[in-house]
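Quick one: structure below, then a few questions.
For reference, chains read A, B, C and D in written order, and residue numbers begin at 1 within each chain.
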Amino acid sequence: MNGTIQAPTIEYALLSPMLIVFGAAIIGVLVEAFAPRYLRKSIHVPLTLLALVGAFITTILTALNGLPDKAAAMGAVAVDGPSLFIWGIILVLAFISVLLINDDEQFVAQASAVPGSTDEEEAVRSGFAQTEVYPLALFAVGGMLLFPASNDLLVMFVALEVMSLPLYLLCGLARRRRLLSQEASVKYFLLGAFSSAFFLYGMALVYGYAGSIELKAIADSLSTVTGQDTLLYIGTAMLGVGLLFKIGAAPFQAWKPDVYQGAPTAITALMASTVLVAAFGALLRVFWVALGGLEWNWQPVMWGVAILTMIVGAVLAITQTDIKRMLAYSSVAHGGFLLTGVIAIGTFAQNTQALSAILFYLAAYGFTTVGAFAVVTMVRDAGGEAGHLSRWAGLGKRSPVLAAIFAFFLLAFAGIPLTSGFFGKYAVFAAAVSGGALPLVIVGVVSSAIAAFFYVRVIVLMFFSEPAADGPTIATPTLGTSAVVALAAAATVVLGIFPQPVLDLADQAASALFIR
Amino acid sequence: MPWLSILMAVPVLGAVGVSLTKSDKLAKQLALAVSLVVLALTGVMAAQFNPSSATRFQFAEVYDWIPRFGVHYGVGVDGIALVLIALSAVLVPIVILASWHDADGTGAAAPPKRSVKTYFALLLVLEAMMIGVFAATDVFLFYVFFEAMLIPMYFMIGSYGGAQRSYAAVKFLLYSLFGGLLMLVAVIALYVIADKGTFMFPELVGVIQDPNTQKWLFLGFFIAFAVKAPLWPFHTWLPDAAAQAPAGAAVLLVGVLDKVGTYGMLRFCLELFPDAAKFFTPLVIVLSVVGIVYGAIVAIGQTDIKRLIAYTSISHFGFIALGVFAMTAHGGAGATLYMVNHGFSTGALFLIAGFLIYRRGSSQIADYGGVQKVAPLLAGTFLIAGLSGLSLPGLSSFVSEFMVLLGTYERYAVPAIIATSGVILAAIYILWMYQRTMTGPTAESVKGFTDLNIRERWVVAPLIAVIIALGFFPKPVLDVINPAVDQTLSNVHVDQFTPAVADKKGAGQ
Amino acid sequence: MQSPVEIVQHSGGVIGVSWLMIALPLLGAAILLLGGRRTDRWGHFLGVAMSLAAFVVAVVSFVEILGLPESERRRGIELYQFIPGIADMGLLIDPLSISFALLITGVGSLIHIYSVGYMSHDPDRRRFFAYLNLFVAAMLLLVLADNYVALFVGWEGVGLASYLLIGFWQFKPTAAAAAKKAFIVNRVGDFGLLIAIFTVWTTFGSVAFGDLSGATVSEAIGSGGASQGTITAIGLLLLLGACGKSAQLPLQSWLLDAMEGPTPVSALIHAATMVTAGVYLVVRSGAFFEAAPTAQLVVTIVGVATLLAGAIIGCAKDDIKKGLAGSTMSQIGYMMLGAGLGPVGYAFAIAHLITHGFFKANMFLGAGSVMHAMNDEVDMRRYGGLFSVMKVTAVTFIIGYLAIIGFPLLSGYFTKDGIIETAMEHNQILGWLAVVGAGITGFYMSRMIFMTFFGKKRWADDAHPHESPSVMTVPLVILSIGSIFLGAFLILDNRFMKFLAPAVGAPEELPAFHFVSTAGLATLALVAVGAAFAWFRYGAAEVPRVAPRGSFLTTFARRDLYGDALNETLFMRPGQWLARIAVFVDNRGIDGLVNGLAATIGGTSGRLRRVQTGYVRSYALSILFGAAVVVGALLYVGNM
Amino acid sequence: MTTHYLVLSALLFAIGGAGVLVRRNAIVVFMCVELMLNACNLAFVTFARQHGNLDGQLIAFFVMVVAAAEVVIGLAIIVMIFRTRRSASVDDANLLKY
């Protein structure tokens, strides 16, 4: 400290994906402010898609340039292999989800209008939809990019909020069943804020223990600080609560079914696929990088959480009657399966194996999820989407192709071989077994078997039941929606038959683990 | 020539072709043609098989599939796999021909019309998977086929089956999946513990040495196979599935799919975990023997033809498992031959029962009576198939049952004796069913029955011919099986059987 | 003691193609079954032709055997490997098997011819001949096989043929039930036979008769390779098999029901040939029985018990065929007794078997002829006085009758007396019981004759009896000639014993036939008493058209000595209950367990989802609670 | 002693948490969450003082900004639902359940 302040270095190239996304989001806000209403959508859609593509390209370029060996932006953002892989997944999934969002039927014409009021009627008649959806989505995606890449807890907290806040809003924008949508929004918001308070308090305690919020510094402090263990333990636990909430691990899963059900399906698709990816990235970074030295302490707790999550997800899904709620519980169960990979920490080789497995699983699961929700958007009746399972009876006869694709997604969720879900599950379980978590894997397969029941039940309904007389119609899909379904199906098939390229990619991404 | 890959590719392409055809009739014809091509190709391949060759797996192809997991596309056949592939290849065209109207919505029970193309496409996909599962020389690939083949069968039962079809289909799938998932754990653990970086079966033989590890892994594999086979007490899905499935699907289910379980025991449980297999032998033998007697007794008490046949199969699977775990040359060869023979004889029973049910629309035994008078050919062929089911000498099942029992008796006399009582029970369930359905005064509802038509005759004739031919001259098949079984047993390290007299002489010298 | 000679591999000659004996009838059966209605017109001729062709092959083979020196009279013919490593399909043509072959094809052909007439009105005559041919083929395989496995194939083959023929008139529920019963009861015997084969294999490593000579067996006992217990077990298990096939106690119950089949079937299968297969088996397995005296003793006891039981049953039956069936049981009991007595007994047993084949077939066919005449009436109380209307049938029947009761110089006299005397030498009690049996035979056979051919006409109103056509009577005549002379031919000069010696061995000192002996005289006396009693009851006295209630003993006999009742209470009812319980256990127990588990999971799910109340505050509570648990757990783990 | 501040922070956090659980009005619930965030801020500042670095104080500013953003979003959502339902009670919003 001799008076001169070193200017901070910012590696713009490394951060460019985020910068592009955030930049486009800001432009989007400006568009909302200045562009005439009839033009907005035609500006937003290309802008959003281009931004995501651009971010994806820069992500690829960054990866091709070789991985940096230290964190960017003064150690605040770690652009390393796992980050880049996660970015890649998030950007692709977000791109697909935006194609799905690009369907006016999904969103409310004017969010501020009271349902059933003349305002609303007018807004509906005007034929416009709330176009803020696009910049909001971009902000959320930006937050998702930053969340798993953040190398200190403050950035992570900010990223968490940047990711979550737009999503709270987006949840409330469904065109049909406004009450449900608004309820989802308020529940998600209150609980999300509640859980981030836990995260923050945990952060404070860890800061109190380590004197720093940088992950590396926290990791280093584990071996040097003494006598403050209680702070550390409570802090770890509360950080964990915040992150596990985002994943939807039991017993923090309560929001998931309600929010998934109430939110516009396109947003559910975005959330279900990308938030899980981002949250697992962050969870891994906190628990492996910062708290890796504490594994003996958090592992047993994580065991309990993983077991509970798998079982709760699988068992509760059985009796669901709404397709989106069912998929929400399925997502809970999948979160549990992924947690078995998080637990499988050990030697370096073991860690790379587990990390790569998780990355692959996230990619596989994300695509299938987006596809499944895309199909859900297409099955409609008079009141909007036909969410109740009984309405799905006989879908295989009315629309065999769509039903077949959906069945295929369900089989992928169930982890049947020759689908992507199988290899994802296999990879994670293999990592867990070699990490010594065999009992966890056994619980995993048992809950998979239970889970298979409700996936299969939907197939039974679609194919083996006679169609209801006034069954739902299948909306003629927009180009975007069909593209989403096709892409997701293709990804599920390809990852199920030739997973090797993606596995290689995941391996490469995981090869050096996280940088510190 | 990559024979095995071609054998799998042809039906898959055929399935695509079938689903693209314009008319149902064309779809059926194409499906039949494709399956016949597969049969012909299998025949050519089998002719080139050399049972006495030193290479164990012939027509082998090994390519890396997922190097990351050490998974290969590894296929190849030894004698055991070859005969089972041949069984599948023979049964599929017959089943296709037999199922000609299964999806049409015709038949006395007036089932709803369903997609014909899908049905036949599923059949062909299933054929490819059946060939694949037996040909796989990579444990992981085997597992993939093992699980994936559930899906077409699930749809065949669930979409085209009887009144309780969805319950049966779900039950079938969940049982199998549950077993399969336990096996998945064992597969993973095998890979991790063997630490060979490969799933190729030949390289994994004899790798796991620790007895305790072997036991756990064995259980993982065994339970999956026991559910699949099915052994008592994991069997309750089979009667439902087989009774609800359309007759053709039931044939493939019981005739081929379930054989994967017993095949898996022979190939994987025994060779990969020989010590554990020996440790658990008493348990398995008890399960098998209980299954033989129990299955037969429950079969006697059935009132539904297809359920009855399904229970007889449970009894028969007990015999097969008994033969496998007797770990004698005769027991193993007999069990393998039994798998083939059971496929034909139970296949014939199911198909003819299917013809019967198609005419009457009911599978209740009480709804029939005196069929012999109006449809003698139907009754006669049913009797022959049934007699093969009760292992009448001169029909194929006898040879295998005899070998299994003899092979078991060589080592475990008491279980073999109890199992032999199965021959009495078999006579009761088959003949009593025949008596109740085919003999006696002709029931009113049966009066209008027509005898087997030309198509149905073409279905039945090859089966009966094979049953009789293998009954008198099983040598060609046994010559293929025997070296493979000997090889298997040599990997298990069991002593060969010697007669007591020779034993004494040997000891005396 | 003369042992059986070694088997010599044979080639050339008719013996070399003796498999034709089996193949030709089999071919006939195949053509008739596959040909369908097209063969209706000439099917029966084909059947007869095939049977006759087999007979010709048998005769020529027999002549060839006679042309060979005694030490080379056992000829083995390799056909092909049946079950590689265990059993080949091979034939053994030796004096024993060729005797059977002659009987089967000879009597068989006559019955084929007879059936042309008997079945002429049946629309399914072709199928009948197909089954008959099938039977002949299977029976020949049974006796010609050179190992136990091939024998077993034939053994079950005849069981099948028997099943098909008993149930030939399937539309009759009783026939179908009887057929099934026969098969199932036989299966109990087969169970024993199978295990016997397994034991032979595991002990000796071979199932071929050639490898299982008496010398081998005794050597095995000597070396400790096989214990005495094992050999006895083999013997008893073989006996169980024999009991099933030959309707010996305790597996006798099926034979009486088997009379549901057409009469030629009863004659061929359930009198002359198939039911004697058990005797063949015991004799063929002499090596084991001779080394296991206990087993031999049991054989003789079973034989005596059955001969008495059959005779008693025969006394009470009004159904002519059932009466004959009881008689068959009884006569096979004699053969079994003989078969349990070693080489001397073998010869008498087989000789009795052959003569019985003739006279019993003769009587069955005669009974068939009577039924043919009486509109298929089988109740002897509706017969009477038939002698005058069907003389050929009556005379031949009476010849058979005289033969069976052992009227001096007729066939039965020689062969049955041979058995009784041998038994007497062996064991006085058995011998005397056999004598008593002969006496009862005299009674019930005479009863049958008197009720059928003599006395008052008790016919049904629409009965117009007439003599059968010559296609039926000619076989009767031929058979009755055999019934007269065959016994003397075989027994005198020990002709048959010498002939059989290469196959089954023979005692050093051949027994001489005594025309006058204690046993013989006693037998004759008792037979005479029996016949006289029958005359008194059924010849001289009026025979009521409806059977009187009769004493306890009569009921006992009418109910087949409560054999069926016993089976029903001991096996059938408990079996049915067991099946019902098993079905219940399967549905409710095992399946219920799994379904219950599924229901439990479902129920848990249903209850758990109620926790999701929809109130955001309760969700917050669950988060707080979860957080508290996580914090607590981490603190706990950390401070451990 | 910094312990007192920490205890106070913990108390505030607990009060906030309890408030979330017991209050029905969405705005009050939300304010309780804000209270929890402020409890965190207090902890941060306290630890900053304890460790003698500025990170904690810095974080407090960040948290305030984030909280402000959260308020914006939160109020928007709550107003939206209030307009629809004419009620801000969180207990009224329970259509989504089971």
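Methods note: a residue touches a chain if its C-beta (ideal position, glycine included) is under 8 Å from a C-beta of that chain, and two chains touch if they have at least 3 such contacts.
To keep track of the chains, here are their UniProt names: A = NADH-quinone oxidoreductase subunit N; B = NADH-quinone oxidoreductase subunit M; D = NADH-quinone oxidoreductase subunit K.
These numbers were taken from a predicted model, which means no experiment stands behind them.
> Which chain pair shares more contacting C-beta pairs: A-C, or C-D?
Contact tally favours A-C.
> Just to be sure I understand: the centre of a chain is the mean of its C-alpha atoms, right? Then which chain's centre is nearest the mean of all of them?
Smallest offset from the overall C-alpha mean is found for B.
> Go ahead and note the Å separation of the Cα centroids belonging to chain B and chain D.
So the centroids are 65 Å from each other.
> Where the centres are mean C-alpha positions, what is the separation of chain A from chain C, in Å?
That gives a centre separation of 78 Å.
> Where the CA atoms of chain C average out and where those of chain D average out, how many Å apart are those spots?
Centre-to-centre distance between chain C and chain D: 95 Å.
> Indicate the whole-number Å distance between the mean C-alpha point of chain A and the mean C-alpha point of chain D.
25
> Two or more other chains touching the same residue: where does that happen in chain A?
Residues 186-187, 190, 194, 257-258, 453.
> What residues in chain C touch two or more of the other chains?
609, 612, 614, 616, 620
> What chain pairs are in touch here?
Applying the touch criterion to every chain pair yields A-B, A-C, A-D, B-C, C-D.
> Which residues of chain C touch chain A once you look at their complex with the stated criterion?
598, 601-602, 604-606, 608-609, 612, 614, 616, 618-620, 622-623, 625-627, 629-631, 633-635, 637-639
> Spell out the part of chain B that touches chain A in their complex, as residue ranges.
Those residues of chain B that touch chain A are 65-69, 112, 115, 118, 143-148, 150-151, 154-155, 158-159, 165-166, 169-170, 173-174, 177-178, 181-182, 184-185, 188-189, 191-192.
> Would you mind writing out the residues of chain A in touch with chain B in their complex?
On the chain A side, the touching residues are 396, 400, 411, 414, 416-418, 422-423, 426-427, 429-430, 433-434, 438, 441-442, 445-446, 448-449, 452-453, 456-457, 459-460, 463-466, 499-500, 503-504, 507.
> Which of the residues in chain A come into contact with chain C in the complex?
Chain A reaches chain C through residues 186-187, 190-191, 194-195, 198, 229-230, 232-234, 236-238, 240-241, 245, 250-252, 254-255, 257-258, 296-298, 300-301, 304-305, 312, 315-320, 450, 453.
> Sort out for me which residues of chain C touch chain B in the complex.
It is residues 33, 36, 80-86, 89, 149, 152-153, 155-157, 160, 163, 167, 170-173, 175-177, 179-180, 183-184, 187-188, 190-191, 194-195, 197-199, 201-206, 216, 220, 223-226, 230, 575, 578-580, 582-583, 586, 590-591, 594 of chain C that touch chain B.
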